[in-house]
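Should a chain be cited, it is by its letter among A, B, C and D, assigned in written order, with residues numbered from 1 in that chain.
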Amino acid sequence: MTTRIRGRAMTNPIPKPPSGGNGRLLPPDAGRDRPLFVVAAILVFLACIAGLGARGAWLQAQRWTTDLETSLTIQVRPAEGRDAEADADRAAALTRAMPGVEQATSRGRDHALALLTPWLGEGNLPDDLPLPLLVDVRTRSGVTIDTAALQAQLDAEGMAARIDDHGRWANAVRRAAGTAQALGLGLLALLAGAAAAVIAFAARASLAARLDVIDALHLCGAEDRFIAGLFQRRFFMLGLKAGVAGAVFAGLVSLLVSLGDAPADMAFFLPQWASDPFEFVLLACAPVLAGLTAAISARLAVASDLRGRW
Amino acid sequence: MTTRIRGRAMTNPIPKPPSGGNGRLLPPDAGRDRPLFVVAAILVFLACIAGLGARGAWLQAQRWTTDLETSLTIQVRPAEGRDAEADADRAAALTRAMPGVEQATSRGRDHALALLTPWLGEGNLPDDLPLPLLVDVRTRSGVTIDTAALQAQLDAEGMAARIDDHGRWANAVRRAAGTAQALGLGLLALLAGAAAAVIAFAARASLAARLDVIDALHLCGAEDRFIAGLFQRRFFMLGLKAGVAGAVFAGLVSLLVSLGDAPADMAFFLPQWASDPFEFVLLACAPVLAGLTAAISARLAVASDLRGRW
Amino acid sequence: MDPEPVIRFDNVGMRYGRGPEILRDLSFDLPRGSFQFLTGPSGAGKTSLLRLIYLAAKPSRGLISYFGRDAATLPRNELPDLRRRVGVVFQEFRLLGHMNVFDNVALPLRVAGRKRADYAEDVAELLTWVGLGDKMNALPATLSGGEQQRVAIARAVVGQPEVLIADEPTGNVDPEMGMRLLRLFAELNKLGTTIIIATHDLQLVRMLDAPVMTLSNGHLHIRPPRSERLRMQEAAEAEAEADRIAAAPAAAAPRSSVDPQASDDDTDPGQSDD
Amino acid sequence: MDPEPVIRFDNVGMRYGRGPEILRDLSFDLPRGSFQFLTGPSGAGKTSLLRLIYLAAKPSRGLISYFGRDAATLPRNELPDLRRRVGVVFQEFRLLGHMNVFDNVALPLRVAGRKRADYAEDVAELLTWVGLGDKMNALPATLSGGEQQRVAIARAVVGQPEVLIADEPTGNVDPEMGMRLLRLFAELNKLGTTIIIATHDLQLVRMLDAPVMTLSNGHLHIRPPRSERLRMQEAAEAEAEADRIAAAPAAAAPRSSVDPQASDDDTDPGQSDD
């Protein structure tokens, strides 16, 4: 329309319009959103730490049960008129022949004695004490050894051998490992949930300060989709950036912890840097999830605001 | 001044002024501050859970080292021509006479055998195997037994007795306990710090939406102290309420966890409800700290805003 | 009148929440290409009436139709298109604080999907016209009240809307600038835009020969433009003259000093403005 | 003039940030109990000048003194007391959205530590006077533009301040209400309040026989009240007459149609308003 006014008396020359791109439709996130950013970053950091810690607990528990499940012990008791050492070697050989067995090592009398020392004191045992000898067996993980068949074979050889599949410990360890894993997952869920809730609330609060923009765009005839899209993109980027900050920091911390040498057993709930893809996946997903959380809650808030307008 | 205008022509009668107390100087915290409230409550909850968990770890670690430090074992080896059982009883009696000893129990041969069974298999040992007998000693905690004197006494009796103060395990256990405690404290510090940061930032964000009130009060001639005090009180109450919500929820969760029966060893990092004053102090302090954090950051923000005005 | 007015009110009433009816039984048309003023004392409901017109509020009863369509049954997705055909100057401006003057004014064009290269010069020219040529890069917070008002006006007219709704558009500018802005509205009107301006400034109202809608006590009273009143008065006089001639001797018809009623509702005439 | 004016400007200049000087070399006094208008085109710097007066902005040079004290060296803790002696009507109202009309108006009294029982009736009476007797419980967001403006005015005058600064206080009300508000200000002035009102409304300016300060291009021009101008004009004429009589024959002194300059600065006279 101004082109048609142009003919009219106009005293001043028309200055050039400002160069540069379009101004942003949304206010820059500089000052106002910093709290949201910091809050989101802190919570993503905590959630990542929890995730890595849970991962550590999980792995450790896994290791225990695997150890348990992939090991057997054969006790070869000395019997009248038999060479116990030869029996033990024979038992080891027989076991090695079983499918699924990776390794079977016959331990000598010294090993058996060493095991007893803490209980009996050194030099307390007569040299001719008939000690049972042990065969350590390591099986391939996931394979169950047919212990009945093995026992039958050993019996057939005439040995006084007994297979111990550690069933005695297995339940306790499995329960402990399960608890550790549940605990880790629970902590992770708690922190991830808290992070999501905080980000969602903060996004909403941040949005509330911008209702004027929604208002202006709406009255200018912008489509709902367009308005919601603007906010959604903005908050996604914000959540993503905060998430990256938090995740990177969590990665650094866990790396530091891994480099320092905590006692292996206790390192249990520490964030671990096993350098397998899991860490990367976790640390990469967290920011995306943070971004999505922020974006979705912003979208919902905008949509509900717009629906209330006409 | 209006009293003097009163004489003038006034057509309408003057309606009664609204009854009830003064309107609040600050906007009610209903809608706008809910995000801050939720965020603060969530973080106080997490910090409390971390605090209770750290407390659990601390107690458990304490228990281990106490167990270790308050127990001794005396091994009485059978010797030619001596009655081992009598020796063991005598050793127990001698030990009981030591200052600081609470209990000393002589264990019989059956006990020693039972200890060995897992290693040697049942019925493997000749009945006449000369087994060392054990005396379990429990000392009063915090007291160090003079083991050298005891050893001297035992030697004087002519027994082949050896005192084991578990030094072999002590270091490992102490290290583990230390790690557990450090871990708990670290987690607590992390979450408490995060809670404080989040609350401070959220308070600041919440305040930014109220600069108009500061402005109006300032231009009406309100003193800086008065304005800052208003906001400080408001945010203290907000932080306090959020803290109470978070702390109560954390208390409930830890109570639930304690009621459920997790395996004792693994309950380690679970929030524990030991029902001692510590829990109450922790849960009572958290809201106050949350309130103070919010109040102080609000006060600082208001003060810096006001200083920028003239 | 035009068979299809841009906006038609039919027995419209409006209240806020459970309050009293602010507007009662409004029935009028805004013919396409017309220009009218809306006056009335402060709190009479001018802004509320304009809010009804630009679809920011819903009437509590009655029918509003927009370009021949019932506003109440308008589907949500047709709203944006309709809004783009309407420019609004808000009483409280509603500029976006984070955008400079140029971007604020260009907003409706951007929302309509126009390219910056297309409109940049037009926007600059318009801003120069309203005296803000040197403030294009300023943020609203650094403008004076009158400057902000002019930005709001520029934003409303930049898209050359089919309908322009202006609420007190000259309350914060000096009389000279007020005249200039009125000339801008008149120019726009000549190009076909239907215009309704709420104002308290009687000086402004007297400048144009346009009908004046007056709100008072919730009722609307429409006074036709001066030219039409004169014509009607002459017609009435001529008729009276004819009557007198036809049926002399009779009492001379008193000259009506009351405004002829153009609307057919029975509102009280409100305050007279001159 | 009073030996100690309420406010004295001495060669004051002001700029925003690195921008050009908005106000240049302002030197004037506001005598105790005086009443003056401030006009000038939109963007001339009226609001900026008022901001200087109510200590919301600092001058970039020159001296402002307040009740005889240099504003620049005023300690922070004396500021609240000073502010309580000044009432301000802001161009953009600045009401608190969460408080109802009554509480908004009562705010300065509360801040000054007065008890509600003391002032409740006065506030109600004042609100009735400005036509808001039935809106005391309404929130600002539910008021019309003019109603908000009247709340802002009521808040500024309720404490019967020693100085009243009003920025465009009648821009959103109808002329009748404008007159009523002006009467309120005049009443206050009679009771001793020093008043300065920035306005574009020349109708309003003509109502009172008060000096008019006009800002243009950063300079201030002060026109004395009509009565004084007449007096000066008569004095000049009498003198000319005396001269003519004394030294006839001489060219008759042309009647000065230019306003006599009351201020001693050499600003351009700005636009003339009648």
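Observations on the structure shown:
Please note the rule applied: contacts are C-beta pairs under 8 Å (C-beta built on N, C-alpha and C of every residue); 3 or more make two chains touch, one makes a residue touch a chain.
Computed from a predicted model, the values in this text were never measured in an experiment.
Counting hops only between chains that touch, chain B reaches chain C in a minimum of 2. Among the remaining chains, none touches chain A as well as chain B. Taking each chain's centre as the mean of its CA atoms, A is the chain most distant from chain D. Chain geometry summary: the mean Cα position of chain A and that of chain D are 69 Å apart. If you average the CA atoms of chain B and of chain D, the two centres end up 64 Å from each other.
As a whole-number value, the distance joining the C-alpha centres of chain C and chain D reads 32 Å. Chain contacts: chain C has no residue touching two or more partner chains. Listed for chain B are no residues, as none touches two or more other chains. Taken as a graph of touching chains, this assembly is arranged as a ring, one closed cycle with exactly two partners per chain. Touching pairs of chains, sorted by label, consist of A-B, A-C, B-D, C-D. Of all residues in chain C, only 16, 39-43, 45-48, 91-92, 131, 142-147, 149-150, 167-168, 171-178, 200, 202-203, 271 touch chain D in the complex they form.
Those residues of chain D lying in contact with chain B across their complex are 54-56, 58, 76-77, 79-84, 88, 94-100, 102-103, 106-108, 110-112, 116, 120-126, 128-129, 133-134, 136-137, 157-160, 184, 187-188, 191.
Residue ranges of chain B in contact with chain A, taken from their complex: 32, 34-36, 38-39, 42-43, 45-46, 49, 75, 77, 112, 115-116, 118-121, 124, 126, 129-132, 162, 168, 172, 175-176, 179-180, 183, 190-191, 194, 197-198, 201-202, 204-206, 208-209, 262-263, 265-267, 269-270. Residues of chain A touching chain C in their complex: 1-6, 8, 10, 12, 14-18, 21-28, 212-213, 215-224, 226, 309-310.
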